[in-house]
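Look at the two complexes coming up: chain A is in both, with chain B in one and chain C in the other.
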Partner chain A sequence: MISPWNSADLTFLKPELWLLCSACVILLLDLVSKDQRKAVTHWLSLLSLGIAAILVLAGGVKSPQIVFSGMYVVDQLSGLLKFGSACLVGLVLIYGRQYFIDRSMLTGEVYVLSLFGLLGMFVMTSAFSFLTLYMGLELLSLSLYAMVALRKDDSLAIEASMKYFILGALASGMLLYGMSMLYGATGSLHLSEVSARIAQGQTSRDFLVLGLIFIVAGIAFKLGTVPFHMWVPDVYQGAPTPITMLIGSAPKLAAVAFVIRLLVQGLPAAFVDWQSMLIVLSVASIVVGNVAAIAQQNIKRMLAYSTISHMGFMLLGLIAGDAGGVAASIFYALVYSFTTISGFGILLSLTRTGFESDNLANFKGLVKRSPWLALMMLMVMFSMAGIPAFVGFFAKLSVISAIVSHGFVWLAVLAVAFSLIGAFYYLRVVKVMFFDDSDLDVVDSPFSLKCFVSVNALLLLVAGLIPQPFLSICADAVNLSLLG
Partner chain B sequence: MDKATFYLLVPLLPLMGALLVGLSGRLLSFVAAHTIAIAGVAGSFLLSAKVLVDLWNGQPTFNGNLYSWITIDGIDLNVGFLVDKLTAMMMVVVTFVSLMVHVYTIGYMKGDPGYKRFFSYISLFTFSMLMLVMSNNFLQLFFGWEAVGVVSYLLIGFWFKRPTAIFANLKAFLINRVGDFGFLLGIGLVLMHFGSLDYATIFGQVHTSEMQQFWMSKTINLLGSTPVGLITAICLLLFVGAMGKSAQVPLHVWLPDSMEGPTPISALIHAATMVTAGIFMVARMSPLFELSPVALSTILIIGATTALFMGFLGIIQNDIKRVVAYSTLSQLGYMTVALGVSAYQIGVFHLMTHAFFKALLFLAAGSVIMGMHHDQDIRNMGGLRKYMPVTWITSLIGSLALIGTPLFSGFYSKDAIIEAVAASKIVGSSYAYFAVIAGVFITAFYSFRMYFLVFHGENRWRSHGQDHGLADSEEHHGLSPGDDPHESSWVVLLPLIALAIPSLSIGFIAAPSIMDGRMFGSAIYSDMHDTMRVVSEEFHGSLAMAVHAFSSAPFWLALSGVVAAWVLYVWKPSFGVNISSFFRSLGIVRLLENRYYMDHLYIHVMTPIATSIGRVFWKVGDVLLIDGLVVNGAAKLVDKMSKITSLFHRGYIYASAFSMILGAVVLLLFWSAGTKQILAAIGLSH
Partner chain C sequence: MLEHLLSFIIWTPIFFGVLVLAVGRDQRPATAKVISVFGAGLGFLLSLPLYFRFQDLHGGPQFVELLSWIPAFNINYHLGVDGLSMFFVVLNSFITFLVVIAGWEVITSRVSHYHAAFLVMSGLINGAFASQDAMLFYAFFEAMLIPMYLIIGVWGGPRRVYASLKFFLYTLMGSLLLLVSFIWLYKQTGSFDIATFQRFGVRDGLVAGMSLKSQTLLLVAFFFAFAVKVPMFPVHTWLPDAHVEAPTGGSMVLAAITLKLGAYGFLRFALPIVPDAVREYGSIIVVLSLIAIVYVGLIALVQTDMKKLVAYSSISHMGFVTLGTFMYVDGVPTVYGLEGALMQMISHGFVSAAMFFCIGVLYDRMHSRKIADYGGVANRMPIFAAFFLLFSMANCGLPATSGFVGEFLVIMGALKVQFWIAFAAGITLIVGAAYTLWMYKRVVFGAVGSEGVESLVDVNFREFIVLAILAVSVLGMGLLPGLFSAKLHSSVDTLIYQASQYKVGREGGEK
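Entry: the complex of A and B
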């Protein structure tokens, strides 16, 4: 079944190889560059991200290609999510540039770590064995730990980074423990063989479920679902805003891929078990995330709890478990990450040196100071709240209709009720922007930043007006990857 | 370019204009703003004209979807266009009047701080109205329906610092909610029973006589067990929507108040286009309405009542715009009457001619208002024909068209309505016949009362004090003692002249093709009743119809209306005062001045009932249950929970780590068989 790899397999790895080489080259170039504004590094990084995205598209395959002796898989699903992650990381670099320059944080590490992080996400997205999954995960995590601590003089950031690192190590430990249990139960690290052996029924169920529990715990940490969410608010608030933006967007796509590979593809035989575990995580996240977000005055912390609840929503699609549900989850994750990144982009447009603008009060009267940005923020908040005509509505609709079609009406009612509660804190931002008075200065952000953020936010509306093509892309990708 | 893309350009051009002008902020100058808006609408008008010409030359009807918005539960919700001759005619009318109003606005809104906002709104309105008429399904129709409603709301309250304007737009909004509620229920019933929102699919289910019999005999149970004809219920509910939008009694009260908006929108929205959306909608749904005699009779009676009784109110108005507004109500009643007797084609015909001459009358009234420095009281005018010659002539043409003078456009459509009512045999048609015949006299009387008071007689603007209250804008309060009225600038006069031409001629040109059914072809279905057949048999050419008019009652009634107005307001004004005091002693004037006490009914009876019901829901539902139990209760619960969780949430790593381990333990519980059984028992797990 498993054959040794040959050099032809490398052709499927073009985006990853490109990212690896360009990250190394940029690292070396940055060492010799004397430019304080890092213009060369910046544009080269964007270029290499763009080429990586193009390579992902160009390397699209119809049916899943399992390469490297079953360690790695290239399919439509990985193509879609890799393309999305590359775009998101690119946007992070674009949105964050002014912020880094203003605070003299612009070092080559930002770019190199972003690229390595993206490489980690690529590996996670395409991994098809426990080993590659774990490698991708750690490559991503280590890059993120370092980036959170980028401001060496900021004690909050250092604290956040330490917490993130220690808790992340604990979660990795749990994950590895679970994987080792599964290895013990099935005798293989390859997901295809693991699922085949479980299906044959030769495995000990006790080992299997014990392993599953620790794997789910590890996954839950990476997604940031309750009760493995404690790091999320601290890291979101403590990290520099562009890094928060990075943590909150692209890695979520990789994490969704991680869950799909491990649970949907690797452990379909244990569906009933992980389904009920995911229900617990999802319900807890939706409830805790939405309720805790109401109490937050810091926008980054509020968005952290909002992320927790969004991840709960995203899990709903996986609870349904069929192709339609998985497609809904992927659509949800994509919508969520592009919405979040535009929200953070607007937040960044409002910051200046020495002024983080991350309190709710800083948004007061934004409509008077920058009516355009206020309008864009309104769109982001409406989309997050799931108000129709914005794409967020269709994301929620698709996951909720997925679980309803599997009979989980109570879960759907709960999700709707809590998204109603969630609407409160999103709309509060709108209220503060449009109806409160402020004595703050007029916003003065770079025109290019405004342009990108505006296009990003307007896309939420456009995709809400024509959601069907985007839904179809996700559905097709899942159908071709899981079934075909 | 394929056809769908081509049709898409028609609504998209005004939308782009609206977005560019509306979102540009200070980037665009006033000139650039109105150039962009006008260019968008002009392009849209040219394309619409081409669409009409193509269809007239035999191009087939287009029915296609642009894209599927979303598919829910097997129901496709699409955005698409149905372009047949009915649509094409509406497109041309809407874009033409809109273009004229755009040009006119340059003069009328000059110097207003909301100049660009106004252009953005009227372009947005044009887009919404086009989406409404071009739709091929109920959902998009409803979108357009609500979008024009929103823009209307914004424009009535355009001068949002005036309390009267805010009152008026709130009133329009609330009354239209009532109508839209019915409309939405009607759409829901259609979806429930026909399983689709697509016109072609729905009409395909009623196109043979067996199918029609099936649907006509189908009933649903309302309020428990009262059986009601399904089609009747659908049609009546849809018509409730039309009543709100097209201001039919008793949902008409918002339209006179909507005159608080700037005059150009009174012409565009509250006379020519938006208020006729209800008429258009019923004509579009003719295959359904034909199946319900009950609904048609209801429509007929409501339309006839509106036509006659709203005309009476026009007689006692002194605000120039309100006279025209009541005349609009009355004419909308005529159109509704035509729908009720299954003469949909003629209803739409009157919609078209009315759009031109009523837009003309409104814009002329606006020109007079500008000439009078925003004094709107016709008692302060008089003899304006010497000062405003172009406005005078065009107003005369508009008034002659309105009262149905032979050869003018209004004559053909209104006389055809009267003939159609005479030919109809459905319940209520004799009442309707009386109403539309009497309405002819009333229309002529109030129209020429206004015309004579404004353009003839003595100059009265010097003889009154400065106490007139109906000012159009806060900065202007009528002419100063030494001033005379002045003619408006060419941007105002040009639209008047351009609208006067169709007001004169469009009836003569279009009548033959409408009477013999060529104009709308299969777009309108009226075969269940033979009204249209009788009307078309009696029609022997436009000229013959005009000649025949001299030997028929409506002409002489109209003439006597004009003569009566001349006697009372020009020749012997003292006579008029006597007659007026006679009617006052009978209490009729009081009744009219209070608008049949309809507003009193709404404000002093309906509103208190509604608010007291609302208060119960508020106190019990909101304050007690939702706020008290759910929100505050949840908050208290959350508070308690957070006190417990804050033991872990102190920011210490060990607390976070402990929570994770606790989580893993919770998950481990799933492993134990007992937990699984419990979960299965309460249905949480398969």
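Entry: the complex of A and C
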């Protein structure tokens, strides 16, 4: 039976408490600050992100600790993903700063909402009951809805925000409905008890599967997998680029954690059922994402469809369902987020005041204007296409090898066939940068931005040459969290 | 030094490539050129001990290096060359050196990028030939697409974008299936080691085999990956486009080296890993090879573009290689066929590089590849005409040139299998002579055809050096084939032993 919580449990919550307090303090400080460039807010936010990341690392545990009456779990898996999300949000703030300043969009809300969003991700990553899962998800989603609408005078942004909000609310509703059915079937909100009750066979299977369908549909909405992907391209295009970057990176890590907690840890007894649902989602995403991306001229929309296909690939690991597959999925999600964020970082380096570099045509002849950034973008694109020597290849290798070991050779063949189509549109970006001529101006992005983007992109190559440490971190985290 | 020789051969060009990229500026192209010529020369010198220190009687991999790379997948940094691969590492380093010299004055835009791309690619190709681990092979095999894509796309002809994309996607299509089959084999054997793959399923009483169905599916994957690279009929259509649009250096490397990777893949993977499937379906590949030899030879006859003509003749010549590889007598590949295939690969490396370089020499002066724009070149460029004649003769397989050795051996092998195969292959000697010499006649002989030809000047010192080195190689290999074949025997024997094994085993052999 679950015991009531005591104050010792709070020690496991240090990163979350720190984030909550610092977000509130930054919110108040920002009210009194007169600085248009928000230097204090910026540095304080980065500092609090850094400290949160350190607290996550310092609070690492060997075996999973279930606290707060079974509502919350702290394990290696949550530590890894929280650390990753904190880094990604930090990068978003660094990359996006110039963009916000140029468009006088730099308000304190950007920082506060980012921090609250990250708090939501932390809660999602560590949640161990339906209630905490849902709470984290909503905290994240509400922050993101508001951030998409930051540009109040832009009709595209408002439309994107409305779509995001309405579809997101619908998905949350579905998720809640599914959760309530599972609660009805098992009589518990705690994932460990749900899993135990189902394993005992005291539940009605029909009820269970019906609830599961709603839960998977809700998850698919949040991940942006086909056929629940309609919002993704519009939101990616409509949102200000740094916000798109935020939506496309860190929340994907939280979403993976969400799926793992809910399906792998909460409903292992229904594995066969959700496995077949995930296969459908994954195949549809890989096919639609890759094919639709070909037709896009707007690079943000292209990256949106590419995200859809990457989410399909990421699900492949979960289809395998064992520890190796879950580790492969987490590795894939981490690689994907860090690749995407460097792609968006380069995109942001090319934007100017009053000039969005959304269009593919704006990459024309980049190699003449800024050879270094062109080389970095080349690495990002080849990493996304999964060409070896870049880490994206090893991400693909690990998920494909996970499903091949479960006999899904046809799925592997299908996945690689569509990644060939994917290669086409990534190559088109390279073609535009390297083969076309352009009359656009020389790029003069801030040096610090260039530095961070370069380190980020070079990491893709370094991690591709020495992937072992990263692979084993993921494998260890999963082994210690799921088995321990 | 010697124990890490292969690593040096792989990473030296890559290091210099990155260096050129780092220090090269468009304002001062000379720096980039000097560094690249030094890097390429050093790479070639480093590769020479492979030949001189090679132990002829040893059939397995030599100069072995073994380090753990990715333990999570049991992928090792496992290098080594045997008789099948050693020559291509040396040949590649040699051709890269020539390519750097060939591009000395011709390339004027983004010089440092051009040389860097070639140096990096050279290292990657060396890596692919030297890999003893399938995933390492795959990584090099794929990664080399990136520099080649850029070389064709940036420095190529008018339709370069189309050609580069077609090249990349065609080759990627084949190799992605290769990836899946490697992963499948890894799941069966627990390792990516090529030797383990080759041993897997051999019927020796301990391990029960590999079913014909699995072998056939693997063969299909291997076939797509390597046939596209060779290229074999009917997946050859990317090659003429890529060649025509690529700069001279790109065509040289493409024809001389990267095509060989496809044939090498057949020898290294298809024959030893799926011997029963090859026995069962090899005859289909023989038929496709014959079609390539005869039909593509006929296509070459009607080309009006010199580069396209040589590109089609490459496909036809590579048909000999695949023919020699897949000719089986009583379930065993022939010695003549395999050695002929290897000799043909080496010879074609010299001859095709030389042919493309000759066309590049003409193109740099006239900016046209149309045969009709030329005529009477011999009157203005006598030295060039002499070299070009030698290479044309080698291209049609004249005895005493390198082209003769391989074709002769393959036809000898074919005679043991089926008279009509030998007959069909022999026809190509006539067709080959027809298209090559006819082109030579129209370009070089006759009266001076146009004002452009009137103003031609003969080869300069740099071009003379490249042509002379290639001429010595072509004649040397034709007159002293033993220098090459002596190193092949042991490895070919090993390969024949592996390919003659049976893997079709009892039920339940696979996990």
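As a working rule, the second predicted complex is superposed on the first by the 484 of 484 C-alpha atoms of A that agree within 3 Å, B and C clash if a C-alpha of one lies under 4 Å from a C-alpha of the other, contacts with A are read in each partner's own complex, and residues count from 1 in each chain.
The criterion applied here is as follows: contacts are C-beta pairs under 8 Å (C-beta built on N, C-alpha and C of every residue); 3 or more make two chains touch, one makes a residue touch a chain.
Model, not experiment: these values are computed from the prediction.
Partners chain B and chain C, once the complexes are superposed on chain A, run into each other and clash.
Legend: residue contacts after superposition of the two complexes on their common chain; A:V92 is shown touching neither chain B nor chain C. In the superposed model, A:V413 lies in contact with chain C only, and not with chain B.
Looking at the shared chain after the overlay, A:Q468 reaches both chain B and chain C. When the two complexes are overlaid on their common chain A, residue A:Q275 makes contact with chain B while staying clear of chain C.
Legend: residue contacts after superposition of the two complexes on their common chain; A:D234 is shown touching chain B, with no touch to chain C. Of the two partner chains placed around the shared chain by superposition, chain B is the only one that A:F214 touches, whereas chain C remains out of contact. Of the two partner chains placed around the shared chain by superposition, chain B is the only one that A:M174 touches, whereas chain C remains out of contact. Touch criterion met: A:S401 reaches chain B and chain C at once.
Judged by the touch definition given at the top, the superposed model places A:M314 against neither chain B nor chain C. Of 4-12, 148-156 or 508-516, the chain B stretch that intrudes into chain C once chain A is superposed is 148-156 (criterion: clashing C-alpha atoms). The contact surfaces that chain B and chain C form on chain A in the two complexes overlap at residues 371, 394, 397, 401, 467-468, 471. The residues of chain B lying in touch with chain A in their complex are 23, 25, 67-73, 634, 638, 642, 648-649, 651, 653, 655-657, 659-660, 662-664, 666-668, 670-671, 676, 679, 684-686. Put simply, chain A touches chain C in their complex at residues 367, 371, 378, 382, 387-389, 393-394, 397-398, 400-401, 404-405, 409, 412-413, 416-417, 419-420, 423-424, 427-428, 430-431, 434-435, 467-468, 471-472, 475.
On the side of chain A, the complex with chain B involves touching residues 162-163, 166-167, 170-171, 174, 206, 209-210, 213-214, 216-217, 220-221, 226-228, 230-231, 234, 272-273, 275-277, 279-280, 291-292, 294-295, 371-372, 394, 397, 401, 421, 465-469, 471. Against chain A, in their complex, chain C makes its touches with residues 69-73, 110, 113, 135, 138-140, 142-143, 145-146, 149-150, 153-154, 160-161, 164-165, 168-169, 172-173, 176-177, 179-180, 183-184, 186-187.
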